[in-house]
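Several structures are given next for inspection.
Okay, so subunit A shows up in both of these, paired with subunit B first and subunit C after.
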Partner chain A sequence: MTDAVAPSAIRAPARLLPRVQVAPWLYLLPTLAVLFVWIYLPLFQSFQLSFTQWNMLPTKTPKPVGWANYRNLLALPELRQAALNTVWYVVGLLPLSVVIPLAVAILTQDLTGRLRNLYRALIFIPMIVPPIVAAVLWRWLLNEDYGLVNHIIAGLGFPTVKFFQNPDIALWTMVWITGWKLMGFSTLLLSAANGTIDPGYLEAARMDGANRWQITRDIRLPLLSPTILLLVMMTVLFGAQWSFVYINAITDGGPMGATTNIFFLMWKYGFQTFSAGWSATAGIMTFVTFGLLALLFLGLSRKVAFHDN
Partner chain B sequence: MTEIAISQLRKEFAGTAAVEAVDLSIRSGEFLVILGPSGCGKSTLLRLIAGLEDATGGRIQIGGTVVNDLEPGRRGCAMVFQNYSLYPHMSVAANIGYALKVAGVRRAERQGRVEDVARLLELDHLLDRKPGQLSGGQRQRVAMGRAMVRNPQVFLFDEPLSNLDAKLRASMRVEIKRLHRRLGTTSVFVTHDQLEAMTMADRMVLMNKGRIEQVGTPQDLFRRPASVFVAGFIGTPAMNLVPGRIVSDGTLVADGGWRLGGRWPLNPHTPVTVGMRPGALRLTAAPADGPVFRADLCEDLGSELHLHATSAELDLVVALPVDARPPSGPFGLTVEPEDLHLFHGETGQRVDPLPALQGDTAWQMQPSFT
Partner chain C sequence: MTTRSRATTVATHGAMILLVLTAVVPVYWMIVTAFRPEIEIFSLRLLPQQPTLENFAFVLTAIPMLKMLGNTFVMAAATALAQILTGLFAAYALTCWRFPGGKVVQSLIALSWLVPFQVTMIPNYVLSTKLGLLNTTTGLVLPNAAAAFAVLVLVNAMKSFPRQVIEAARMDDAGHWRILWEIIVPNLRPAIASLGVLAFISAWNEYFWPLLLIRKIEDSVVQIGLQMFMTQEGNQWGPLMAAATLASLPVFGLYLVLHRQVIDSFMKSGLK
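Let's look at the complex of A and B:
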């Protein structure tokens, strides 16, 4: 946006407003205002809040407690479990949001006509289903007693699976639902990126004697690396957040905290137990952690990913 | 010994033929240039040889083997693409060495061969760069290196010089010819630039609308064009092409009542197209019968003058030596019968004159058309 606006903005009003270039800032003002009011201000206030104790009642004022919230939270097994679960969410999501979509995008690149439309419909339907509908849908499908999936499992002669009640399985069920919803988007992005690769490179590689696999490994994957890295980054940074709706609607973080991740915990502290201080503390810790991760990725993408211009 | 034999080759895109009825044999070690206007199917023909397109019909043999069903990498051809298509994420060394890597050549040997090629092309100091950091001419060389490193049986070039500026193009032209002389590899070179074709070709092919118009040496095509299309395409400034017909006494008359010489094996009243090179026209005094011209424009190219001469029916270009003075008043034009090119009005095919008879003037007896 700023790229397109700035040059003309600098030139035209330069005569009206000599010297100081006010116009670009005027154009930016609405965006900056929104960013400030809705992002930076709350962030700063959360930071303040994390050093206080407050039960969110407007009649009470937050009581300063110093670093106590941080000390207490870090000592809490609940938080450690949620943090570890967050890692598992991300690890479990990566195959669903990156590896499988990459394989699908590359394997289906030559599809044409009706088959292509069918495949697209199949891949995109999960994407347009609202998350809450997806949650309800999967709760039915995976229900232990009358769910279709367990019906089939039982039909094949296996014992039924407690998808949501078994603490060892529940997290992976949530990962699957989150990933199922993401796959379409990732495939769309990777297919598009794959489609923009200059066919000349692939022809040159064919002339050089490369087979399909070698072309994929040596030409396609390096040229797709910016998109792959973007998807990995999005999954790592946001994957656990995207599962929030499903945790909230299906397991409520259970059984025994098995599906609780850091974002759900934050929400629970804030809006179920009304410990605003703790919630803010968890939020700030998460923010700092993911902020560092984001910086790491930016550095990585500059180094590793190749950008064709 | 790598000759290429193409017979009845045809390629359709969505039912429209881009290449059809192509018969062509390319001799071992020769430098063959495929010339033609944009969209005539040159690239398609080259890509058919390379295997990047599948033929709709016909047969391609390379070195005696039918290659129609062989993968591009197994045909022994290396290609230099118009925009080079260098792998943007690989260094120059990796670009040149990729074919060897894919072929399973060990790293040490690979490195040696890449360095040999780089030295030959004066790329040694650029081996660690990425294509994005190279100039157009350097990219062109890397593309050449990538093609040369495998010692292919055939080089295929698809307008490899068209992205370079004029000066660089001229020097690369010479360099490619030198490389060819040195390596002696059968080469097929596609271009739309007739200067490139005329200067580089051992033999050339002129294509039009997916078909071959003429195959021969550059001199063949220039001196004895097989069709109106060839006549009009080859030569700068272009050959003057004038409608005409054979009259009842057998002589050739161009539009405007311009009686031209020669004896032609055509029936009276046959419509024809007469071709006259700008350099073959001579200025005369305005004739009593026949077209009277006036000078319209005169372009001074430094080495010669191009005079645009107009009459009531005709617009011709006449090439004059630089010291000639363009006429200010009306004038006539003549052309020696031996310098005429005649084409059948309907088929566009060349018609050769009958051998001169006894009693004709001496210059007509020179066997210039045989």
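Let's look at the complex of A and C:
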């Protein structure tokens, strides 16, 4: 008897209390603690560090220098090169992560059956290959003297290509490795979106005498635009970051900084030359730039989503 | 008409086969090189004439490969488990309660995805040094113990869970803890499993944080071991490909068994 009364007696005042709930915050605590300690607090600390000079030795304290890091970095050709390279990484990735997958997805829309599942399973493989493994295997395939690709090139009668040593080519090699991992994934994502298009629309257009290209341009592409925008956004926001492993493991930013993008430059300042202030400054500038781009994309995607309705 | 559709079919399969070859040939070449004896390393044959395990044997003696595979497995499994647990709690809070600040918290969680790791790496490295986390598996797991995408995937899964069931359970005086573990978790098993697979693969493939945190090869994960091995053995292609094959083996194994689920979970969570 008393057992049955006690719990409800305890719970009753809880219902009368004003709605300041502790429970949801307790459930959120682990996630928020991790994000606060390892992302948001460090972000703020990087902001503070960007106004200091520090060589990362625990015995030294960061020395305040005001805006000097920002002034110096913005005047530095090395930073300009890295920023420009970052743009090239993104521009170079777009065909591999969006354009080619889109073309393949539309071209192969009628594919059905068992073969389709086999294709799906195979083209997705690069996505799960560990990035450092991709670096190692492409270093072998594109090796100047013995690599499979140069064997083929030589077999066709062309001079072999120095994929990693030629400053005009090395960046595109890094872009290729990054894009190689994404191509199959993007294709599947776009195929899936393409598959959800209501066949009624296509049938109606066909009845009206629209040809394949008109259907693609006027019906498929507009209906695919949210997925396309998502892939473009991912590529712009994260493409250059994904290249980091390959730059770090294969070219070390060279030859002559040709493959250094802004994310590799931050790492170099931080852990090769130990100028924490510069690394943090480059980091904050990058974060702000990409943050603004992200806002732009979110605004765009809202418009596109509305257009879809 | 038939010739036209046949042309389309050829183009369709042609495009797919080209993409398949682009995806598969590099991986195939890695595996096949790993089995070639030294005199056949530069051979262009599709299969080695005298397949050998000597490259694998060399790797196992040259670097602590098995130890590193073990470290990576523990790290990836712990990361996946932690992300599922923290994600379940957070998602439950965000879907089953309406409370002031809930929307803001959800945005804060989602936006954490936008902060590049390179921006926070120095403070994180300094903190890890202070906490004595250098060269430890704990240090590898902690910063990834919660992930925005895990929370968001589980929020979506829980949102589609019928509210009436939860309300009925509340009527029966079930506490939140019990509702989460006895009603929601069993019903979300497929979503949780696919999230786990995704988190495991992502953690297994993680490169940047281990690169900073781990300096000793015995404590290292296999990704960094492979990088160190490549720096040392530069052009020993046979052993290098054997090491690379071993480093991707668990992920390939998982994919072989669960490829449909793996593809689905990657597509649902966007890129990572």
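Operating definition for what follows: the second predicted complex is superposed on the first by the 271 of 309 C-alpha atoms of A that agree within 3 Å, B and C clash if a C-alpha of one lies under 4 Å from a C-alpha of the other, contacts with A are read in each partner's own complex, and residues count from 1 in each chain.
We adopt the following convention: contacts are C-beta pairs under 8 Å (C-beta built on N, C-alpha and C of every residue); 3 or more make two chains touch, one makes a residue touch a chain.
Note that this is a predicted model, so its numbers are computed, not measured.
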Practice prompt. After lining both complexes up on subunit A, report clash or fit for subunit B versus subunit C.
Written response: fit
Discussion item. On the A-aligned overlay, A:G200 touches which partner chain: subunit B = first, subunit C = second, or both, or neither?
Written reply: first
Discussion item. Going by the contact rule set out at the top, does A:V136 touch subunit B (first), subunit C (second), both, or neither?
Written reply: second
Discussion item. So in the superposed three-chain picture, is A:I123 touching just subunit B, just subunit C, both, or none of them (first/second/both/neither)?
Written reply: second
Item to complete: Quick one: classify A:A210 as touching subunit B (first), subunit C (second), both or neither.
Response: first
Item to complete: Pick one for A:I219: touches subunit B only (first), subunit C only (second), both, or neither.
Response: first
Worksheet item: Now for A:P159: first (subunit B), second (subunit C), both, or neither, which partner does it touch?
Response: neither
Worksheet, complete the sentence: In this superposition, the partner of subunit A with more touched residues, subunit B or subunit C, is C
Worksheet item: Tell me, in angstrom, the smallest C-alpha to C-alpha distance between subunit B and subunit C in the overlaid model?
Response: 9
Fill in: Complex interface listing, subunit A residues touching subunit C
7, 19, 21, 23-25, 27-35, 37-43, 45-46, 49, 56, 58, 103-104, 107-108, 110-111, 115, 117, 119-141, 143, 146, 148, 151, 180, 182-185, 187-189, 192, 230, 234, 237-238, 241, 244-245, 248-249, 263, 266-267, 270-271, 276, 279-280, 283-284, 286-287, 290-291, 294
Discussion item. Under the stated contact criterion, what part of subunit A meets subunit B in this complex?
Written reply: 198, 200-201, 203-211, 214, 218-219, 222-223, 306, 308-309
Discussion item. Give the list of subunit B residues in touch with subunit A in this complex.
Written reply: 50-52, 71-74, 77-79, 81, 83, 85-89, 98-99, 102-103, 132, 146, 150
Fill in: Residues on subunit C engaged by subunit A in the complex (per definition of touch)
8-9, 11-13, 15-16, 19-20, 22-24, 26-27, 29-30, 33, 41-42, 44, 85-87, 89-90, 92-94, 97, 99-100, 102, 105, 108-109, 112, 114-127, 129, 142-143, 145-146, 148, 151, 173, 176, 201, 204-205, 207-208, 211-212, 223-224, 226-227, 230, 235, 237, 240-241, 243-244, 247-248, 251-252, 255, 259-260, 262-263, 266-267, 270-271
